[in-house]
Every structure is written in structure tokens, then in C-alpha cells.
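Every chain is named by a letter (A, B and C) in the order it is written, and numbering of its residues begins at 1.
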Amino acid sequence: MKVTVVDYGAGNIGSVANALWRAGGEPVVTSDPDRVRSAERIVLPGVGAAGAAIKAIRAGGLDQALDSARKAGRPFMGICVGMQVLADELLEFGNHRGLGWVRGIVAAIDPGENKSVRVPHIGWSEIDLGAKRSSVLGSRDRYFYFCHSFRLVRDEGIAVATVAHGEPYTCAIEFDNVFACQFHPEKSQIAGQRLIERFLAWKP
Amino acid sequence: MKSCSKCVMPETAETLGFDNHGVCSVCRQVEFKQSSIDWVERRKELDTIVSAVKDIHNYDCIVPFSGGKDSTFTLWYIVRELKLKPLVVRFDHGFMRPIIAENNLRTFRTLGVDVHTFTPNWQVVRKLMFEALRRRGDFCWHCHTGIFAYPMWVAIEKQIPLVIWGEPSSEYSSFYGYDETEEVDERRFNTVVNLGINAEDMEGMLDDTVSTYKVTVRDLKPYTYPPYAELRRLKLRSICLGSYIPWDVKAQVELIKNELGWQGEEVEGVPPQYDFEKIECFMQGVRDYIKFLKRGFGRTTHLASIDIRNGRLTRAEAEELVAQYDGKRPGSLDIFLRYLGLTEAEFMTIVSDHVVPPYEMPDLKWAQTHKMNQRPHDFEKWSRIVGDPNVDR
Amino acid sequence: MHGNRELRLPANRIIPSLLLRRGRLAKGVRFADYRDAGAPATICRAHSAQGADEILLLDIEASHDGRESDFGALEKVAAEIQVPLTFGGGMTNLDRIHRAIEAGADKVCLTTAALDRPDLIEEAAQVYGAQAVMVGIDVVRRDGDYKLYDHRTGWTVSKQLDDWVGEAVSRGAGEIRLCAVDREGTRQGLDTTLHDRVRARVNVPIILEGGVGDLDHVAAAMKAGADSIGLGTLLVFSDNNLVKVRRFLANEGLKVRS
């Protein structure tokens, strides 16, 4: 099962490719928009700042390639910053325009008054499955690894999981042929591997 | 030290969890197995796996074989029920009892199978035993890893894409649950089997305490798990028969006794009615004794708990058996100490480092007054050969 | 509004803390008297399989001798695991940090490099984000107080612990690795007083290390509020595999990943 990993210089490609391979996939890493456009299945990883990421994606001509692949119905998975860039607006170190696949903005986690809610959100949190059923998220595994300071707000009805780190927020979305998660399946040991296996088998 | 409210396993047992009713996780797993698994569906899954490999290669599958009750039943099932052509792979750990040779001949000749036996370098085994005892309080590292890694190399070498093991670990511990079909793969090797130590680690850890024999990475290949890339290329499946059919030790022992003339044997420190358990290794008594020193329970606790879970024993009866049989120093300890050139005091010191709280280990004086009275009838036949002329003469 | 909802904090973390020396893992008492603790790639393979929440790999030679960090070993480790990996030791500039990230580290731990040049924390956080920058703080007890410690010299540092903690976080450290150096390998238990002192000062996650001898120590520290514990000696010289550690802690009523 071939799966194309989009390389736009945002690091962490190695561990994503490795996790895909361990889950039975055959990862192909590329920064070439043409190869992304014709990919059978796509994973968009991402760490660091969403603003820098979207800039790099556009600079490489990858935004159009990704749009094109999505319209063609190819199964897509975005991870962490790879989920954040799908939004309309990204408020990390300035105000950036995301890919706009998802109505919403990406803003800083609000810890509220409770001192125990730490930012950055680093660690294994238990996710809550939403009312909307997911083909990629199983019902058995609940703990996943998070490592971020910003999150998606106002996503209007495509959430399949939330996480109650402070005020609960969306941590996974799924619609049409798009799945994306704020947490890192490639860093979530067997729970993450099972999720990746389901993504590889997904026929949206 | 608290115990399960249903069986008699204590909190010091590895991986055990307790729920709100004080019932242990293994009891719950077995309850799940007995009530919530669609065994018809599971058996269909097995048929699918098997039909993918049948009659394609020279052998349909590998059956790793010790000669104990589980592997003997597994082999019988593979040949008689699944009608496959297996290659039997035996890893000779160095401590086989005479009964095993007799049982094996009957099993192999009756069923009709090809058998591949591997006996590892004893000089290497001696050093591995000591290092594992020192680091983990468990001298059986060479055996655990050899049994689970060696057959995988044979699979690769002979291009056999299916390995069938016996009981799943969820029958006795909580590394895995019964709600999943555990794949006997590298992850399991590193979780359940190798005590967290791989051959590449051992290579740098071994020293000359036991002997100056030089051990290299080549010598450790039988204990090394093959690279994932090679197993994947072969599309190898490595499964437990007990994930697809309900495991029932009592019924299975009856069956192999009837069908194959399999015979039980008396076992150090265990009530005579359990003559089917762990008969394939004469170091079993030492292994159980170390478990008792570290965790405060022995094999009788384990066996009685299994019987409770299967409705064959009450808790009161179990406690009585445990009081009578657990926690006695076995005669085989003298052979073990001879193998490694240790005194009993040195042995106790090493083990004391690995005690699991809240249990407190008894001392050497206690050990001298709690010796096992019986010696198994074949005790004198258990090899004393150390491989060092200074000791063996 | 926040008060009404059930607060779900991340699970307590159990983190093997591994010392890399001459291509092998080593474990000793107080930075001396090392014993072989296995090959980095295979030990990490086992930890990842057993469910380590994260792995911390520290190149003590690079830091101590001022050599280049062992990025080769790091790469081999990264290929074996599917849990977060933090690498530390000898990353004295951005270029080396970049190499660590490229080799597969998710986070870097800057200890003496940050003490020498605190600007490095900001530079790294700017490029990789605060969540990728951990600052390591080694502490000893001297004259009835906690002092910062430099393992290269074996001496204490004049800067005050509280000041340094505050400065590191304000410069962009997303996490702190707090090590009670004089407890390392002694199996006397974790220094929860030290943890509380630092906890009161900053709001980033803190990994507490130094002194774990048995599982009771881990449970006690977690109950006292130290939610992330670094384990060294415990895993090297005992039969405590991480599955068992986690089960023990769950039995103690602690929230650990299941």
C-alpha cells in the first residue's frame, strides 16, 4: 500500500515514514508537487509553527497539488501542524491564511485560570470520541501523544474527537476523504500504529 | 501482600492489575475468554490464515516445540485437525528431562513429522544464565529468547510463512488481553519474552565472572530476533493457536495422553496431581524457587489459580495446597550453583536485588530449614556436566 | 465555566533516561563508575515496545568532553521507536540542534549549553517551537540549599536555581528536566521538595529525575505531584519492565496511560 509523505521542510518526516512502514505501508517521501498530485494516498506531517509551514507549502507549489489530490478523492491524513494548516486562519506568530479546507482558526491554547493546565500541551492525553463516527479512529485506543501550543477553533461539525486539556477542543477531524489529528500517531506507540493501519485500509 | 479475591495470585505477580472488586486482570481475561469471544468467528479467521499457505511451499508452517503439554497438543492439532505439513523446530535449552525424549518419540512417530533440533553452545549459555540472573533475577533469558527467536530464523531460511505457537500469553498474564489476537512478533518479543534485553545488549554486558570464554555477536544469533524487513519480505504470520480455539489445559492433556501416549512426570515443588506442568525442564524447580524468593509465590499458586478460574478448585482448597507446596528450596539448586560456580550465599545476594515490594525475601538460614524432602525419580540423570574440566573431573 | 467541567490533565509520564557513552548505554552512580547498559538501538526498541511514554537519550561524553554528539546512535535509535525522543548532550549551537532534529529527535535537551549561552534557548525555540526545547537543570544539595551543578567541572554554579528556572522558561524553554544529581543511582527516592520548589516557579511540564530505587519511589513522587519521572537505574539493573511499572502505578490509583 503506497503512501506519499509530503516533505515541505517541516521536519519529523523520518518518524512518520517509519511508522507508516511499521504499519504495513510503503512510504514514498517527496517534495515534488506533481508526485503529490498523482499520489494514491497522502500524509501531511508537521511540527513547529503553522505560519512557517503554510509559507513553505505555498512556496513549494504544494498547496495546489494537495487541493487537486483532495478533489480527486485521495485519502488524506494531516498530523499536528499538518492539521492546523487546513484551517482558514492561523494565528501563530502573526496572521496567516491556511489552505481553507476547514472553516476555523488556529489559536493558542487557553489554559484559563487553572494552573495545572500547562502550555505547551505535552504528553499523553485521553481523547473523547465525538458523536460523529470515524473510520480512522478506533474505539479501543484513547491515549495519544500531544505536543503543541496552538489548536483548531470553530471547526463546525467535522470533529470526531476532542481533548479536555483545559477547555475541551477538537483534536481530530474527518470529512469526505480527509482525516486529520492534532496528536501524533507516529509517536503514539501501538495506539498510533493501529490508527495508521486503519488509515492505510481506509476506503472513503 | 494482597491477593486476587477470586484466585490466589498475589499483587507481586508481573502485570497483574486489580479491579474494584479486587479481582485480578487475568481472572477477568479468562472470564472474557469463556463468555465473550465468538470462537466460531475466530476459527474462521484461522482457516483463512491457513488456507493462504497450505500446499504452496515445502512446509505449510513451523511448530516450535518443547515437548510439554502445550506444544504437544498444538502439534497434534496442526497435523490431525488442520491437516497441515509442519516442520517441527526444537530449541534444546540444555535441561531436558528423560521423559521428554520418550514422549517426543511417541509424538513424532505417531503423527509423522519432520523435526529440526538445535542445541546452542553451552559455554555461551552458561554466561548468559549468569548475566540474566544478575540483571533481571531470571536466568532463563537464553531459553526465552532462543525459543522465540530461533524458529523465526528457520522460517526465513526455509521460506516458511507461518509459525504457529500454542497458548496466548493472555491466558496467564496481562501483557495482552483476550480481546485481541496476539501476534507473536518483535513487539511481543520485547515486551513479554526477552526481559527487555536483546542479544546486541548482552554482547556488551557479559563479563568473565563465570568463565573467560569469548562470546561474540555471531554466538548470539540464535537469541537475536530477525530484522523486521526480512520477516516482512516473507509476509510471515506468527500466531497463537489459543487465539483461535478455546484453550483448555485439562482437556488437552487428556487428549494427548489418549491419542499419543503422552506421559506426565513428577515436578519439583508441585502437588502430584499436576503431573502435566512444566515437565520439559529440570531447572524448573530453581526457576520457581527464584520466583518465590522475589515475589513470595511459586508454581502451586499459579496452578491452583488456573483451577479456580476453571471451576475445578475452591479458594480454600487452593490456599491449602499453596501452604503445603510453595516456598521450599529444591534439590536442583545444587546443580544450578555448580553450573555457574556460585555459592548459595552469593546466589541469595544476587536474587535479593530483585525482590518485588511489598514482599520481603527470606534469608539463607530460612532456606536451609525449608528444603524439599522429595527428589524426582530421575534427579540423578540430570546432567552435572559444566564444561570445565576442573569442575567436571 | 472552567471550574464546572472535569479537568482532564495528561497522564503521568514514565520516561527512561538513558546515558550514551562510546556508542553504548551506560549507567553509573553520580556520573562515575559506569556499567554497560546495552546497545542504544535495541534497548530503546524494548522500551518503546513496552510502552515508555517518551525516551530521553543523553550523550554524556559529548557534553563532558566537548566532543560532537553521537548523531549516528541517535539516528539508529529514532528508527527503532514510535514514542517521542529527546536528545541531549553537546548541542552547543543551532547547527547541532538542527542535526539532532534531522537525525530523528523530537525534542532537544540543553543543559550546560544553555548555562553557557542562554541565548541558545531563544534561538532554538524560535526555529523549532518551545515544545521542542527542553532545558536540563542539574541540582545538588550544598550547605542546606539547592545549587545548580555543572557536571563537566563537578562544581556548583553561582547562578541561583530559581533565577535560572525563570530565565530558561521566559527565554522559551517548553519543558524542564530536573535532575537531583547527588541522588542519581543511589536508590534513596526522588527529591519531591526540589520538584515543588521549581513547580512553584514556572508552569511548563517538569520531568523529575534522580534517586529512584523501587516502584514505591515512583508512586510516592507522582502522588506528591511530580507527574513525569525519569527512570535510569531502576530499568537497567532490575526485572522492572515498563508494562509492570505502569500496572503497579495504576494499582496505586495513579493516572497512567492505558
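Convention: a residue touches a chain if its C-beta (ideal position, glycine included) is under 8 Å from a C-beta of that chain, and two chains touch if they have at least 3 such contacts.
Remember, predicted model here, so these are calculated numbers, not experimental data.
Engineer: Which chains share more C-beta contacts than any other pair?
Structural biologist: Ranked by C-beta contact count, first place goes to A-C.
Engineer: Work out the mean Cα position per chain and let me know which chain is farthest from chain A.
Structural biologist: Chain centre farthest from chain A's centre: B.
Engineer: Measuring from the mean C-alpha position of chain A to the mean C-alpha position of chain C, what distance in angstrom results?
Structural biologist: Spacing between the chain centres: roughly 27 Å.
Engineer: Which whole number of Å gives the spacing of the CA centres of chain B and chain C?
Structural biologist: For chain B versus chain C, the centre distance works out to 36 Å.
Engineer: If you average the CA atoms of chain A and of chain B, how many Å lie between those two points?
Structural biologist: 43
Engineer: What residues in chain B touch two or more of the other chains?
Structural biologist: As it turns out, chain B has residues touching two or more other chains at 187.
Engineer: In chain C, what residues contact two or more other chains?
Structural biologist: 48, 51
Engineer: Provide the list of chain A residues touching at least two other chains, using ranges where the numbers run on.
Structural biologist: In chain A, the residues touching two or more other chains are 22, 190.
Engineer: Across the complex, what residues on chain C touch chain B?
Structural biologist: 24, 36-39, 41-43, 45-51, 214-216, 235-239, 241, 243-244, 247, 250-251
Engineer: Where on chain A does chain C make contact in their complex?
Structural biologist: 11-12, 14-15, 18-19, 22, 47-49, 111-126, 142-143, 145-149, 163-168, 184, 186-190, 192-193
Engineer: Enumerate the contact residues on chain C facing chain A in the complex.
Structural biologist: These residues of chain C touch chain A: 1-2, 5-11, 13, 48, 51, 53, 78-79, 82-84, 101-102, 104, 106-107, 127-132, 174-175, 203-205, 228, 257-258.
Engineer: Which part of chain B faces chain C closely enough to touch in the complex?
Structural biologist: It comes out as residues 11, 14-18, 25, 135-138, 174-175, 186-187, 189-191, 194-201, 203-205, 294, 353-354, 356-357.
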